[in-house]
Every structure is written in structure tokens, then in C-alpha cells.
């Protein structure tokens, strides 16, 4: 455990050293990242100029959900930057190098691709959440802080599990599937109150691709929205996270085994 | 003790057939069609500790696949491997601490930061104690004269400098076996020589076993006491380089430059009964082909004694390049080469058993 | 001479055809985005019948056709130009007997035709099956819309070329390219129709070229803009097309000066 922690620190140091040479790029990346995410916020703000509520949710509530959504997404983006995994590790064969090193392969790959600018998205999200928190006049208790951490960890595990599983497809098929951007677009559904969608999409987002658990469901715990058992469902976020992550890592390990030709 | 022990090693790949279009891609996700390819066909060999062994073969002969199995990247379809006392594909993380690997065409160093930073990271990955790491690094840096390069980012290094750093990176944890996949590819002759000298020294002083694949037979001649030659997944030769040469080269050529126009018929008469043949190159020069059985001094004595005025004599030994090319050309239908080499392999195995 | 440019269109078209598999998933992604906005707008309208001058039916059609138009006019000319400038291969273009900018434009057009035939048309059919989109019945509107679509493409490509050329003057314009993408999506009206913008912003938009990319043609398509007004709107597009030629030529002249006199 100590070993894996010290590796993480070492990789972070190397990232920092790389980036010191291109400092301006770092801030431009942060800014354009936030702007990219901010498009949805602008949409919300403009729309609420014309309507008092969105499916029964007020502007501050929707913005709150948006803010919460950004927090786990930023953490996930920092540690999971494997969008070009297939290209770099399978096609160019860097996977071989990873496998000649004495540390867990997925961990090495994750650390080699960390992207700290993404964490600023989390900070941005947290600020927005705090602002709407006070606008809504919600009480703040110590338990809320704890739950925020628990939900964030759970949501990050959901992202990590889903995208690890999808990235592992590269071990099975070298044809470009375009499935990652597909998923990325679906996850944006999780930003908005889930009751606005029809039954099929709601079911899909809750139980199949549980993106509702990375945004609206845990956020509704703080907002005290009891309809359709949202607050109760929120408590399951870490459980869903663990299940999805375990599935993701199992698929990954199976993929690595396959890559090494140990039979499928 | 054996560093590498391989018995009846086989590797088969299922190569996916990719179907066309999205529907094809979807179908591929669920039910795939395969072509089966056997890249390595039941090979066996042993490498004792401290040996430098060259592993050669044409592209696609199965070299890389073997190396990947030996380094624990791939799991064999059947057969036994033992490297450093480990079965590489089991206990992978423990096993790889004892080996070093350099893939000539891929870098293991960070592109944008100083070389030393990459080394520090590798130290952590391989859990080398700081003082041991220092000692080792100092030694390697001095050997390869990397001093002032250590703080430069990799992208600013020349290919030769980079390759020297790659070697250091693979040796930091003091592995007892070093695998080199095309270590000299694309390098100029000076750097090649430097690297060869370095590998020789490492081998001599630390007893590091080295297995290298290469297309440059000069590497083999400079480094290897032993060559394993692969063709179409099978070992077609395993033994000393000298053996390979003497058994495979057609012999030698002696180029004569005469003072006056030589008469081939006269020359043939002079060397009658030796089993040599002649050809005329131009006005004043002629070439004599000698099989290995014929003694050079005997042949020369006949010609010189024949009274022809000789200006110059050049003896040309068939070099390894030509031999290997010859083997591959004839061996493209590999059966012929195997047949030719069959007895060589048999003889050599005996020689090896004698040595051990 | 002209046939060479036509050939460029053809070659790019064939090149895109070779990668067509990637675009199948693209169609699904666009359908997902359209779906997300469809449900959002439905919730936003709630009880209201007209909002920002749109009925819900018009809004659905607007969203569908705007995204599909984006599928057509979108291209990566900015990235291509920037990377050709950064790796220096743009210098080779100067020794060739053609105009670099025109070549880029033609390549973009080849890509556009590909996207129109294999992306926009099948995409629109799928979207019409999934969502209640109402297509115009007058053939005149269709003709006018397609003419406007060509100008959408031209204006968007001009903006792309302009941002791409900035790579001559700054070392890394990756962040700028990303920001441009966000701004074009927002200001062109793909995300929210411009009539929803707060007053001051809507007025500002009238004086910027972005509305000519999506908002104006899509308004014609949904029937909100008709008759003489529709022709006037086409005129706005033409004017912007002509006006944008000026900064491109200026930047291009400056860029060539830099390349030749200062050696890049």
C-alpha cells in the first residue's frame, strides 16, 4: 500500500516537472476545460430567464445539481485520462512495457496519464454548489460534509468502473468502436433532474448506465427531494460505485489476461 | 545454473477477422471469427548464466513472440519456460524485478522531463534502495558518459544518447538477465560500437546474461558466443557463430591481380586436383573459389609456384551477412534449410551437453 | 486548374468514406444530444405554449435540424491548419502551385459533402422517427434552407481558418481552438436559440457572424422566418461571408510575411 502511494507521489512530481516547462498551457487547459463544462451552466441560466421551474425543480436546485455533478467528474477526469488507450498502449505496443514492470498494470497506466487540470472543474463545481447552497438556505451539518465525500467517492467509482470496462474493449477488438464518446455524451443526461426523462431513459440512467448516481440522485440527498425515493436512492451511491468498479476491474483483468494470450 | 530454460515452447495466436461496417463491428463484439496462427512452434533451448546469446531471424519468424513469453508479457500456449528460476507468466511482478528489458523502438523514458527524473521514478517502481541506486547510477553514468545528459529532457537527446539512457534505465535495478530487442536499430556505427563494448563489460563484470534480437549481424559477431536462428517459428540453428560460419559458408575467395593477362586454362592446370574453381574478372584479375576442405597455403603455393607474375592477392571470407542471407533464401521453404542444418543442430546439441 | 480543386473535394470525400465507421457512432451521439435537449425543452416549456417566440413543436424541430446542420458544417480545418503550421509542413504548401487557403476550403467542402450524405441525411431520418419533428411542406423553404446551409458551412469554415491561422502567432493555440468551439456552439444558437438570450446579449449577437451559422437557417427551416424576411436573412449570411474574407486575407498576408522574412 505504501508502495502504491509513493508511486502516485512520484508520478505526480513528474507531471509537475513536465508542466513547469509549459506553464501557460496548463492554465489555458484549465480555462478551456471549465468553459467547456460551463456551456451547460450557461444553458441553465439562460433557460431560467424564461421559466420558474424545470420539471418542478427551481433554478437554484438545478444549478446545485450541476455543481455537484462537476465535483466527482473533475476527480475522475484527473485520474482517468485513458481516452487514447487503444492508440497508445495497444497499437503502439506500450502495454508490453507496462507488463515488464513490477506494479499493477492498470495503476501504472492510470498514473502515466494523470491530468491534474481537470481537478479545477471540481473546484469550480464546489464553488457553484456552495453558492446555491446558501441561496437555497439549506442547513449545513457535519454529516453533510461526510456524505459529500462518500457520494463523491461513490460517483468517481461509478465513472471509473464504467470507463475501465469500456476501455478494456480495446483488448478484445482493435477496431475503433467510438463507444467512449458515445458514453461521454450519455453521461450528460445525469446533470439534470431525472424526472424530466421518459421511463426508458430513467431506467437506463439508474440501473444500466448509472449516470443518475453521479449527479442528480446524490445531489437530491442534500436538497431533500423525496419524490420517487431519490434521497433513499442516494444512500446507495457508494454501493453502486463498488459494484460498478468491481465489474469494471474484472473486465479489465480479463482483458489483460486475453492480451497476454492466457485464453479467454 | 541455467538462466533460461525453454522446453517445447509453443505460441498460437487467434487473429481476429474484422468484419466490415458498424454491424460487422457489433457482430465482432459478440461473436468473432479467427484465423489461427502458430508463431512459435515447439522450440527448446537452454541458456546458462553469463552467456550472451543472439536471437536472430527474419521479421515474423517468432523472435518478438519468444521474447515476450520470456519476459512474462505473453502466456505460452504450451511448453515450459523457466527464467531466473521463475515461470515468467506466473508471479509476474516478482519475476520482472530480476530482468531488464529494452525495446529498441519504444522508449521507457518520459519525453518532456530530464532523464534523471525517469530514473528516479524507475527506482521507486523497482523499489531499489536509495544508496544502492546512487552507486549503480554513478557507475552506469560513468561507463556510458552520460554525465551532462542527465538533466536534459529526452526529446532533446539524439537517438544514440537516448538508447544509452534506455540501457541505464533497464539496468538500474541490477537485473541478472537483460533482454534487448533491436538495441542498435537506427544508430550510427560509433554509437553501435560503444553500446557493444558496454554490453560486453556489463556481461563480464556482473555476469549479466544477455539475450538480444537484432538484424545487424555485426552485433552478433561482436557480442555473441552463441546464436539461435529462427525461421517460421522453428529453431533452425543453435550453436556457436564459428560453427555457423564454417558449416555454412561456401568457402573463401582469393582474388589475384596478375602482371599480365592470365590464361584461365593454365591456372586450372596448376591447381588441378585441389577441387578449386576459377573465374576471370577482367583483363588482369582472376578469382579462385576454395571450399573449406582446401588449405589456403596449398592453393597459393601452386599458383605462386606456377611462375605467373602476381601483383596482389586478396583473401575474402564469406561474411555472416551473406551466410545468413543464403540460409534464409534457401530456407524460405524452411524445410530445405532445416534439412541442411539438421545434422548441424544434432552435432551442436552434443557439444553443448559436453560443455555443461 | 479548377479541376485540381474539384479533385481535392473528391479525394477528401473518399478519405472520409474510408473512416465511415466512426461516423455511425457519431449519428447516435447526435441523436443522444438531440434527445437530451428534447426532454429538457419539454420540461422547460411545461405549461407554457410559447417561449422566446417558439412553440414546443417548433423548438423540437429547431433542436433537431440545428444539430443535424452542425453535423454538416462542422469540420476540423482549424486543427488541421494549426498542426500543419506547428510541424512546419505548411512551408511545403507554398512551393505548390495553388492557394493554400482555397485547398483547405475545398478539403473542408469534400468533408462537408460526406457529412451531408452519410451523416446529416440518415441522422435526420432517424431523429424524425424518434422525436416529433415537423418538416416544412413548401419546396421553396427547402431550397432556401439548402442555400443557407452552404453559407453556414462557408462562414463556419472561414472562422475555423481564421482561428487555425493564429498558430502562426502564438506557440500553442490548442486552448484557443477549444474555446472557439464552445463559443461557436453557444453563439450560433445550437444550444439555445438566440431569441432566448438576455436582451443585451441578443443585440450583441445581431452584430456578430455566429448567428449566421445556425440560428438564421434553422429559423427559416422551422418556419419562424418566412417570406421577404427569409431573403433578408440570406442576405445577412452573404454579407458575413464577404466580410470575413477581409480578416482572413490580412492574417494570411501577415503570416506569409512572418514565414518568409522571419523564417517562421
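Labels A, B and C are assigned to the chains in the order they are written; within every chain, residues are numbered from 1.
Operating definition for what follows: contacts are C-beta pairs under 8 Å (C-beta built on N, C-alpha and C of every residue); 3 or more make two chains touch, one makes a residue touch a chain.
Keep in mind the model is a prediction, meaning the values are calculated, not measured.
J.: Measuring between Cα centroids, which chain is at the maximum distance from subunit B?
T.: C
J.: When you take the mean of every protein CA atom shown, which chain's own CA mean is nearest to it?
T.: Central chain is A.
J.: Would you mind pulling out the distance in Å between where the CA atoms of subunit A average out and where those of subunit C do?
T.: For subunit A versus subunit C, the centre distance works out to 30 Å.
J.: From the C-alpha centre of subunit A to that of subunit B, how far is it in Å?
T.: Centre-to-centre distance between subunit A and subunit B: 48 Å.
J.: Rounded to a whole Å, what is the gap between the Cα centroids of subunit B and subunit C?
T.: 56
J.: Going by the touch rule set out above, which residues of subunit A reach two or more other chains?
T.: Answer for subunit A, listing residues that touch two or more other chains: 175, 177.
J.: Find every residue in subunit B that makes contact with two or more other chains and list them.
T.: Within subunit B, the residues that touch at least two other chains are 25.
J.: Return the residues of subunit C touching two or more other chains; collapse runs of consecutive numbers into ranges.
T.: Where subunit C meets two or more other chains at a single residue, that happens at 21, 24-25.
J.: Report the residues of subunit A in contact with subunit B in the complex, numbered from low to high.
T.: 3, 6-7, 10-11, 13-14, 17-18, 21, 92-94, 96-97, 99-104, 108, 169, 172-175, 177, 257, 260-263
J.: Enumerate the contact residues on subunit B facing subunit A in the complex.
T.: Touch list, subunit B to subunit A: 11, 13, 16, 18, 25, 28-29, 32, 68, 71-77, 89, 92-94, 96-97, 99, 101, 103, 106, 108, 110, 112-114, 117-118, 120-121, 124-127, 153.
J.: If we count contacts the way the header does, which residues on subunit A are in touch with subunit C in the complex?
T.: Of all residues in subunit A, those touching subunit C are 22, 24-25, 28-29, 31-32, 35-36, 38-39, 42-43, 46-47, 49-51, 53-55, 175-179, 181-182, 185-186, 188-189, 192-193, 196-198, 201.
J.: In their shared complex, at which residues does subunit C touch subunit A?
T.: Those residues of subunit C that touch subunit A are 21-22, 24-26, 28-29, 32-33, 35-36, 39-40, 42-46, 48, 51-52, 172, 174-176, 178-179, 182, 185-186, 191-192, 196-198.
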